[in-house]
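Once you scroll down, you'll see the structures, which are given as structure tokens.
Two complexes, one shared chain (chain A), two partners (chain B, chain C).
Let's turn to the complex of A and B:
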């Protein structure tokens, strides 16, 4: 945790209210996000209990699985989910604009520009918490390899038609959510935690109710954030049920035991009774009982998801009050590219994403994410003075006033301008000799190098730094107007680069070298080994 | 166990042991049938010497060789060493197109050609560069041989990018130093043989378990007082010995102690090889001003007291100058704070850096700000075995650790809690155990001081 975050959290404890950690919104928010509040069944991985889903905050779709262990009912749930999510996604997939992309020409090996479709906007999924993101990933994994009767008539348990496709989309969203700064799939707790600092730990911030209690407590007058958060976490009604149900997908055990389990049991009994009905009249009566039991479970699911649903929208409202950061749109464009490329893979009839990444794909993903992480950190600082203040406090940037500019030139045949700029600052950057520093000049980074502390005698701590500007001054002997700071200008330089460099291109998967097991699928590749036997195993 | 028997001079001839290991490595490299050879080298065991020797022999055998190191400083160092051993050898230094891409000292070497393009260096006996630069090189025909230096600090994905450039390779590195890291989470791939965030050697051996593996058995850097502790604490299953014996090296000071904490810990370290300057227990910010001042005071006194270091290198004692002293910290802001404190005391030429940057370096005396000093918690970063190993294995004579009291309790309060990942190789010893081992040893050389 950075020093400024620690300070903000201390201040939050002191004042009893969350403190802003950002002055702008660092993530793109769609005008029409699809909010998804899922619940899962305790003790059964990947068995959804129900969900609220939709784009209209006043009219969410309620989905429920009255018996979560019944796989037919689970499929029915997933099919229903697909019927809501896929039309939403496909509406975005259909609207495209023309864009250019550089590709390597397979014949000449040269980089050429090609015209391609780019989706004009992308579908945005919002879940309450990080656990919700994991659940989306899990649902995706559980669905994408299923076969429908149409794909394979022989398959013993065919999936409903659109379920595998939903699995592929959710897998893509879950995977994209791992890219720093991406906004295709967002968790509201992460979003709020990025923009506000509360007086509790980041782990406690994963409780959406408690987090909101710090940021915008409703009702409880005069209560501090800590008190409101405690109430959100622990307060129970007369029946022992939490007043603020957890954001899920896990449910509260008291709810499971006291309300859900008896309701499911009643449903099971009603179903058995219906199956045993001997005539139509009896069946009608028992069907009524079954419907009633099912309705009861739906009501229970709604009662636990609706408060979270409302909290998600309240969180989005709070975030929308902040103006969007200048670079958020650029990162959203990357999300649109990601969305478009997945759409193209689906359209091209490619198979679902493999169970595991091969060596080259894994390395490429890691490289992309590290690059995006660096980009995100730089862009957030450039977009937001409060974030930059944190970097300045950490010695990774400095701001100050230009007190002197001396023209100088490089020692080459064609001397180029290398002006020396003296900056007075109260910050304490960790500068070594010839360390490169960067400032934003018309949206592009300008590089300078640190020459030394300006001083007549030996007093390096007096906060006056001499920098040599080294680029973006045009091609002429004299620097272009406005490209060199002038005396009295306020400037802010960073020690980190603004645009991370791309790494080298990795080999194609078919060219995977021997050190990494050779090309995937070949016999040379290492079969998945069970744990190697150790001496301790043999007693 | 049997320190006495091991220390018996007749039982162990370090020179002969090291020569035997080197001969076996060179044999496997030059005449072996496997595509790779892996060499584990403890701190200061002559890794660079081995790389230079292997390079020269491969070049002499007429096999075109590429050398992959991890940083530009390492590449330049290898080029200088190669040129020193054989000034006539045509050597290529492939460098980036940035400003000042290589050490200016290379310009004085006649047979070293420097270029940013691999094509310009074609046909030279040995071409050296960093892994990052090699990754951009495309070749029609791979090099017959490669040497990968610091392979344990190289990430698996960076080996993936260069492995297509060579047919066979010698991988050399120190498994005890800091593991490579990723700036984003990589749990998704944990347990896969080719986890891109693991070390190059881990991936290599997972896919090629039959490759010959060698070990350099002797540390020439660490004194006899340190090799035992470093070997036991960080290399419990692959012990090594020091090339010198107790009494072969000594550190003395012309100016007598003034009785202060720094002077007493200096004397303790000069006599025993280790010193712990213990400040009163307290939770502090990372740049603990008292601890930083204590580190600076120790360094100042080390230089003021006119130390003389006697070693096997020369019969006459060498003066302990600023360039033979280094300060190691865990964080960059701590290093910056120490630098500022030293400047305040008028000390300028002492190296102050983090463990990551001190890897591979060697000094007579090191002063270490303990990674856990003053902390309220023990995170995986601060417990990392390699960090402590790097910090406590840079010295030829003595190591002085500055620390707040209570680290032992802190360790007991925070045992390692990293999630267990299926399929990953668990690294031994874990940081918790290694920290305790080092702490227990340092306790015998403790000087309590209240500044």
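Let's turn to the complex of A and C:
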């Protein structure tokens, strides 16, 4: 956390309200995001209890599993989820525009431009918190290796038809969420925490209710953020239930023990009674009891997810009030490429993502994340003066006024312009001789190198720097108009690159060196087996 | 002392609790791992830690009865069973829920590991059974870390028992963590090296202030009974110094109480330990803000100078964003 953010947090403590930590929105928000608020069963891996999901804030779909340990009910839940999520995703996958991509021609080895389809927009998934992102990943993992009856008629417990496909999409979203700056799968707590500084620690910011209480407290007028946040964290009703249920997917133990467990027990009893019914009349009556028990559990699930659902939409409203950062759209285009390439893999009939990546894929993913992290840091600074202020404080950028421009030329056969620009700044950048600095000129970076501190008589104070501009001035002897700053201009140079370059290209998987396990060979072409299932899965 | 009820009496009830679903599932899993006289568990120990030894399926396996009255009795019974098992070379011994004693801050604490296994070569291994899943060979690092710290305490306690034997048997520093595999209920295991956690815990235990010393420092007549009024209790709790940090929230029942006190005092540590480190000698919110505004503080102090620059840059950036965006 930079000192500027710390200061913002302290101001938040002082004023009792969250303070801005960004002046623009650094993530793309879709006009029609799919919000997903899942709940899970405590102690079980990948046993959903229920969820609210949908694109309409006033009409979410409520899904519930009345007995989370029952495999058939779990499959019914996942099938229902697939029926909501997949049509949403596929609507985006179908609408494409033409785009160009550079590829290596396999025959000539040359880099050529090819025309490909790029999805015009991508489906965006929004979950309440980081734990929700992990849960999406977990759900994806639990589904993508399942076999449907069509794929494998022998499988003892076939999954509903579209469930493995949903697993592959959720896995892709979970994986993409690990790329810095990506917006395919977003957690509202992360988004709000990026744009506001609250008067509590980042640990406490993970609580969506408490975080919102600092940013936009509702109800009690005049309450400070700290009081409102405490209420969100701890206040309970007469029944001992939290007024602001946790954003999930984990539920509050008091809810599990006092409300959910008895309701599930009633459901189990009603089901046993129905199975034991001896005639139609009795069965009808007991079916009624079973439906009532199921409805009760659905109501419980809704009561715990609806407050979070509303909080997510409120968070999105707050974020939409900020103007989108200039580079957010460019990063979203990368998300669209990622979305399109997964769509293509699915269409091409490729197998689901493996349990473990091979060496080349893993190295590629790591390199992508590192490159995107550097890109994100640079772009956020360029888009947002508040972020740039942090970099200036850290000595990684400086802003100031141009006090002098002297024309000079390079000493080659064809002299090119190398003007010397003197900048007065109050910042203290860490500059060594010939260190390259960059400024944004019409959206493109212009490079200059540091010559030294000015020592002329009319600028005796330190903080006056001489820079030599080295590019983006056109081909002629005279620099193009507007390409060299003029006296009196306000300029901002950074010490970091604006468009960080990636590392060297990695070999194809078939060329994996022996140090990294060698080429995948035969083993990789065998499709991965489904997860082993035991009778105990149904506990 | 029951810190949970103390916190409730103070009006800052803790949020800890376990769902009965998690409890049932955890117990069912542990029972499954230990079923059939621990055959599955010993197979996992053999595969994961001691492949050179004779497989437990073919060797003699002892399952000593550890029941006794009271924790002291059970701890004594455990020590005895461990000695016997170490003497009986060539056999596997599984101690189900042994009881170990460890001195913490001058007073004995009793610990109950899920299981301890004595190998045929006489060495001892701590087994920790957890119900979080191991997905594709990896588990949640935070949970594994917590399990490793817990197991390290058991290793330390076992070493105390071992030190009393002659010759002292080896307590293995690799413990066995048993978890459900993927989404199933089948156990899978992984050996976890706890040398680091053991060293850290050992050092912390040696440095802990003894309970008597803390008690001696308290004023006469301080009482922590939850039956007192909230004010009396608050005063009593106040008598014990505490340094709140946000990490306390996930570990201590009294954390919300301490947080409220810490916020009242305006301590910057409320925002996290790194914040405190960044601000040099300034420890309260008011001090920091006054220094940043230039109303107080020594401008030659690097922390104060940095704060003023930060405040200036922040104000400038916010003003710029209010008007025309950008600084280039």
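Operating definition for what follows: the second predicted complex is superposed on the first by the 514 of 539 C-alpha atoms of A that agree within 3 Å, B and C clash if a C-alpha of one lies under 4 Å from a C-alpha of the other, contacts with A are read in each partner's own complex, and residues count from 1 in each chain.
One rule holds for everything that comes next: a residue touches a chain if its C-beta (ideal position, glycine included) is under 8 Å from a C-beta of that chain, and two chains touch if they have at least 3 such contacts.
Note that this is a predicted model, so its numbers are computed, not measured.
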Which of the two partners, first being chain B and second being chain C, lies in contact with A:515: first, second, both, or neither? first
Applying the touch criterion given at the start, work out whether A:356 contacts chain B, chain C, both or neither, answering first, second, both or neither. both
Using the superposition on chain A described above, determine whether A:430 touches chain B (first), chain C (second), both, or neither. first
First (chain B), second (chain C), both or neither: which does A:474 touch? neither
With the two structures laid over each other on chain A, which partner does A:288 touch: chain B (first), chain C (second), both, or neither? neither
Going by the contact rule set out at the top, does A:452 touch chain B (first), chain C (second), both, or neither? neither
Between chain B and chain C, more residues of chain A are touched by C
Using the superposition on A, tell me which residues of chain A are in contact with chain B and, in the other complex, with chain C. 3, 356, 531
Sites on chain B touched by chain A in the complex: 35-36, 100, 132, 135-136, 156-157, 159-161, 163-164, 182-186, 188-189, 192-197, 200, 203-204, 206-208, 285, 332-333, 336, 340, 343, 423
If you look only at chain A, which of its residues touch chain B in the complex? 3, 178, 180, 356-360, 362-363, 365-367, 369-370, 373-374, 394-395, 430, 434, 460-461, 503-504, 506-507, 511-518, 526, 529, 531
Report the residues of chain A in contact with chain C in the complex, numbered from low to high. 1-4, 6-11, 13-14, 20, 23-24, 41-46, 138, 141-142, 199-204, 226, 230, 233-234, 236, 251-254, 256-257, 261, 355-356, 382, 384-386, 388-390, 392-393, 399, 439-440, 490-492, 531-534, 536-537, 539
Can you list the residues on chain C that touch chain A in the complex? 12-13, 15, 17-26, 28, 32, 131-133, 135-137, 180-186, 246-247, 249-250, 256, 260, 263, 266, 268, 270-272, 274-275, 278-279, 285-286, 288-289, 292, 306-307, 309-311, 313-314, 316-318, 320-321, 325-328
